[in-house]
Amino acid sequence: MITSENISLYYNNTEILSDLSLHINAHESLAIIGPSGCGKTSLLHIFAGLIKPTSGSIFVNHTPLLKPRRTTALISQHYSLLPWKTVFENICLPLHIQKVKRSAFDARTKATLTMLGLNHVKSKYPTELSGGEQQRVAIARALVQTPDLLLFDEAFSSLDAITRDRLQSELKHLHQSTKTTMIFVTHDIEEALYLGERILVMSTQPGTVFKTFVNPSYHNPDAKMSQGFHQLSNQLRQTLNEVMHDAN
Amino acid sequence: MITSENISLYYNNTEILSDLSLHINAHESLAIIGPSGCGKTSLLHIFAGLIKPTSGSIFVNHTPLLKPRRTTALISQHYSLLPWKTVFENICLPLHIQKVKRSAFDARTKATLTMLGLNHVKSKYPTELSGGEQQRVAIARALVQTPDLLLFDEAFSSLDAITRDRLQSELKHLHQSTKTTMIFVTHDIEEALYLGERILVMSTQPGTVFKTFVNPSYHNPDAKMSQGFHQLSNQLRQTLNEVMHDAN
Amino acid sequence: MRINSLKFSTLYALLIVTVCWYVIHLLLNTPTVPDPLLTFSRLVNLLTDDLLLHLLSSLGRIVVATSIALILGITVGLMIGLSQFFNTYLSPIVFVLFPLPKIAFLPILMLLFGLGNQSKIILVALIIVFQIIITVKDSVMNLKKEYFLSIKTMGATRIELFKHIIFPSILPSLFTALRLSIGTSISVLFFAENYATTFGIGYFIMDSWIRIDYIDMYAGIVAISLLGLGLFLLIQLIEQRYLPWVQLEKGTQQSFLD
Amino acid sequence: MRINSLKFSTLYALLIVTVCWYVIHLLLNTPTVPDPLLTFSRLVNLLTDDLLLHLLSSLGRIVVATSIALILGITVGLMIGLSQFFNTYLSPIVFVLFPLPKIAFLPILMLLFGLGNQSKIILVALIIVFQIIITVKDSVMNLKKEYFLSIKTMGATRIELFKHIIFPSILPSLFTALRLSIGTSISVLFFAENYATTFGIGYFIMDSWIRIDYIDMYAGIVAISLLGLGLFLLIQLIEQRYLPWVQLEKGTQQSFLD
Amino acid sequence: EDSTSPEDAPNEVVSLKLGLMPAVDALPVFIAINEGLFEDLNVSVDVELFTNANNRQTALQTNEIDGALTDLVAFLNNWHNGFETQIVTSTDGSFSFLVNDQFNPEEPVSLGIMEVSVTNYLADTFIAPNYTLEKTYIPEIPTRLEMLAQNQLDMALIPEPVASIGERNGLTKAVSVTDEEGESVQAIVFTKTAIEENEVAIKRFVAGYNEAIELINADTDLALDTLIEELDVPPEIKPFVTLPSYQPARLPSRNYMEKITAWVEDIQGITIDQNIDAYFADFVE
């Protein structure tokens, strides 16, 4: 689905991403972990077509990515909800823009609101929400669409353990049923292992691919309990440690 | 240090906190967990003197809390960095306000910047930072002061596992050496167990004290490995589950 | 502030202003500051006479001129604020034209558009359009990029970007600009309604002034101010009705410093 | 835009405007739109004569009036915007006074402050102070509560809140207000410099007009516009120098729509 | 008290502040100043030039100036509204009704004047009997002139020296008015305060004014030169200027005042009941 070839990115002459090459298959679910500030968000923005790499090229479905695609959904790290729209309006926004019919509309938003436990706040404005509620609105806004590429930028960081577990398993189901390509940026190693078929560890700034791991326990229904899970978990933690010690 | 007596809080006639009574000892370290939207942030804001409870009373050091105290430091969930100040200026702000002398000043900010790994971004503006960097600036800004009460509102949610571990242990040291009263709101049960001498589980909206646990493994140096740690961890998760099922 | 408290605060302010006026009247003891009570009773008389007509014709000019200026000003302001191309090639021209004293061009306007209503309305519009351009441009320039993130990935067209992001986020400034425009257009009317018309509140006041009939003059001033105040309150109500989120961002505390 | 590109774009705009002017001159063929080239050469002559003095005395009046209006306007705007008390008791009065056509109070100003510089400066200040109050008040009202969170817990005093939060966050709007004020004060000078002075560009233009000397009149208009433009560019440079963060919030992309 | 009064101390300099308009009526005052006539009489006359009648009225009423060049219509309006100034002398002005080259006397004439002013009176007196008038009120003289030049008006009443600028630019003076059977519609008035407190200065002013008139009548070029210099108009208009015949200080006749009063009463729909004698302050010797 996505192919990046030797992309690099500069902000004011600082190299943020360096010579990053990566191929993501259609229907794949990829988790990305890496030190804070290594360029994960920047990479997702490149995948979304929001920023252009300084050099290198990026293809989505074999065509060069020149501007945002209608079928990509991004849940940004800062939620980026519109303060002038209520929760409901924020969530409906992509449907409006994609000119989905009113009839199809209502059922979909209702289901999404319920799934994310947002029914009681749906007519509030974003500034009236708690952090976790805001984050769930951002997730809801991405999920009402029927995107072929879902980009999650630390989308569960403000959720309590129970809600997070529930959402993770809903998303896994969604991935397995719809085969939407999903990329999860996360700091939670267990989350990466639960959600990612493949796990990419990025190096410190300038960020690039440090190592990728295939996750054998992904298709295991009791993943979190398994032996392999714990092993890979420790391996990932160790890799992260390496990455960060290399830097110092 | 803090005593709240039957406080409740309303936003537009919705009860957010209900009849919450709690005593926090001086030098204590308390972790608060609870479902998203249950009122944790609101409670911290009450402790900080930023909002007044609709009813009930709140005392800090036996005097009623009427306005923010100079010696409380809050790391807010949304960082609330000032976009018109560089990282360095943001961090120095409390020192400026507390009229700390220039000489004492430099050593302290330098140490804090290094501790949080922010040296390379110190002359950037907040909008130029990654999410995790912003969060670390907010932490740094709280730590340069010498507060007697530190309030953390999901202060590690955007940090990678390694950085988070390091900071957690630094804070534990800090707590043990300075005896500063600390309150951690967090969604990470392990974090709560590592940092909290006592752990408070809040109920769903309207939030109140559901249960408190004393954490026997707090003073254990290898806390995370211990038997008690895993037991309590499971217990907490179960309590959270209860809380949320009660609600449905 | 809801409607009732608006009503109350307006009455309160009118009272205070009247008292101050009365005190100044007593202190200065000059015909240039007439007795407010005499003025009000004169105002009532005049309203049943033809003052209402003067007011209405001015109101019409203000409304038409403001509408034209809004449409033009928002368009140009957005063009400059949103596109590097127009910012490079259009904004310097706006900057050069803005400080021009437009009032000096009334003769040319009268040449081009005749002595009638057109030239007056165009003069007013010409003056306030620049205020609106500058306000819109500046507020678009201060737009935050984060709002654009998600909506862009939804594949929003320019029109949708405008509708869902740009327009709502400049609305608060636009209301400010609208308030300022009303103030300005009232002042400009003084000048414009002096020509080739015997209708308009500007004409009425100037005419009373030259006849040094200060009571009439002040009655006219009170009338136009009440009209302006009415427009203000209208804007305020619309704002409260349609921009609840601004109030929310500000927080529930009414006073930042308390 | 750095200084060089500012220079370039200004020259470009002046050129465009001059060309348009020339075309209008040819089309209308009336003395009220004189030949721009004649006007420029006249301007050069006049500058070595006493036009510079006219310009300087007007500049002085603008600077003094704007300073007074800024100090007063920011103070009152902040009071209303920040405190519920003043919002309740002061803002209705501002709203009642704002639509008053201040020009009509020239008689009182003459009475109180004489025919000299004072009454002229006060008239200008009186008109723009309301624009500044409204802008400051509106932009303070739109302040976000989140900025107050941490700093309040640091135990900041009111002055510190002002210095670290309120002032920086209203600065962008303040620059907008300043730009608008300059435009307005230039227009008001036409009225104010109409009596009892023989210095000031407003007087110069009016005097040329009365003498039907359109070339002189336009030379004066060009001069005051250049002065206004200079002030604008100055504001722009200051803004770019001291508000880098506004640019950053906007994002690195220069054009939102491209 | 009497010993310090200027009456007994003719060497003491007294001063006056006078508001003038850029019209030919003002020339004697300018000449008296330029030729040092006032100085010789130990009166210092400060001139404030007004380009706007409102501002002049206001300055007069707020005692910012002691006296002003005004017209009888404004003067009567002042009285009617309770502001009682007094006429010290009539002045000699010059007004022209200009037309452009497309003027057709047979058709209704749109005439540019100012509403509450002598221009309106002059239009009724000199033009209305011969034409069908459509009055268009345009206060600023230059605008009137330009509207005429651009054929937006058929006729405009323009005072000198602007009338001559118009003539030089191709317009035609259809009718010129410098006086109405020896009477003039313009006058210099002083406030009552000034007349009470500054009697000596006004007396000297009148004397200086009269001396200036003598100079003007002795040297025809003096008035024109002063006009060019003081009102800063192009010298090329010299041959076009219609100057009035300047007369020494004098008061309007009661009859004339009555005629103007009747006109004002009629056109503004008001009644002015004043004792005409109170209009005058007699400084004329």
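First chain written, first letter: the chains are A, B, C, D and E, and each begins at residue 1.
Keep in mind that, in the parts below, a residue touches a chain if its C-beta (ideal position, glycine included) is under 8 Å from a C-beta of that chain, and two chains touch if they have at least 3 such contacts.
Being a predicted model, the structure only gives us computed values, none of them experimental.
> What are the mutual neighbours of chain B and chain C in this structure?
Both-contact set = A, D.
> Going only through chains that touch each other, how many steps at minimum separate chain B from chain E?
Step count on the best path from chain B to chain E: 2.
> Once you find the CA centre of chain A and the CA centre of chain B, what distance in Å lies between them?
Each chain reduced to its C-alpha mean, chain A and chain B end up 27 Å apart.
> Between chain A and chain E, what is the separation of their C-alpha centroids in Å?
Each chain's C-alpha centroid was found; their separation is 85 Å.
> With chain centres taken as the means of their Cα atoms, state the distance from chain B to chain D in Å.
Centre-to-centre distance between chain B and chain D: 48 Å.
> Where in chain C do residues touch at least two different other chains?
30, 32, 107, 111, 209, 214, 249, 253
> Check each residue of chain B and list the ones that touch at least two other chains.
In chain B, the residues touching two or more other chains are 11, 78, 128.
> List, in ascending order, every residue of chain E touching at least 2 other chains.
Only 54, 58, 61-62, 142, 146, 150 qualify.
> Under the definition above, what is the set of chain E residues touching chain C in their complex?
53-54, 57-58, 61-62, 74, 77-78, 80-83, 115-117, 136-139, 142-143, 146-147, 150, 152, 268
> Mind pulling up the chain A residues that touch chain C in the complex?
Touch list, chain A to chain C: 45, 48-50, 68-76, 78, 80, 82-85, 93-94, 96-98, 125, 127-128, 138, 141-142, 145, 151.
> Can you tell me which positions in chain C touch chain A when the two form their complex?
Contacts found on chain C: 146-147, 149-157, 160, 164-165, 168-169, 171, 243-245, 248-249.
> Can you list the chain A residues touching chain B in their complex?
Touch residues, chain A against chain B: 11, 33-37, 39-41, 77-78, 121, 128-133, 135-136, 154, 157-164, 187-189, 237, 240-241, 244.
> Over in the complex, which chain D residues touch chain C? Could you list them?
Interface residues on the chain D side: 9-10, 12-14, 16-17, 28, 30, 32-33, 81-85, 87-89, 91-93, 95-104, 107-108, 111-112, 127, 130-131, 134-135, 138-145, 148, 158, 161, 166, 172-173, 175-176, 179-180, 182-184, 186-187, 189-190, 202, 205, 209, 217, 221, 224-225, 227-229, 231-233, 246, 249-251, 253-258.
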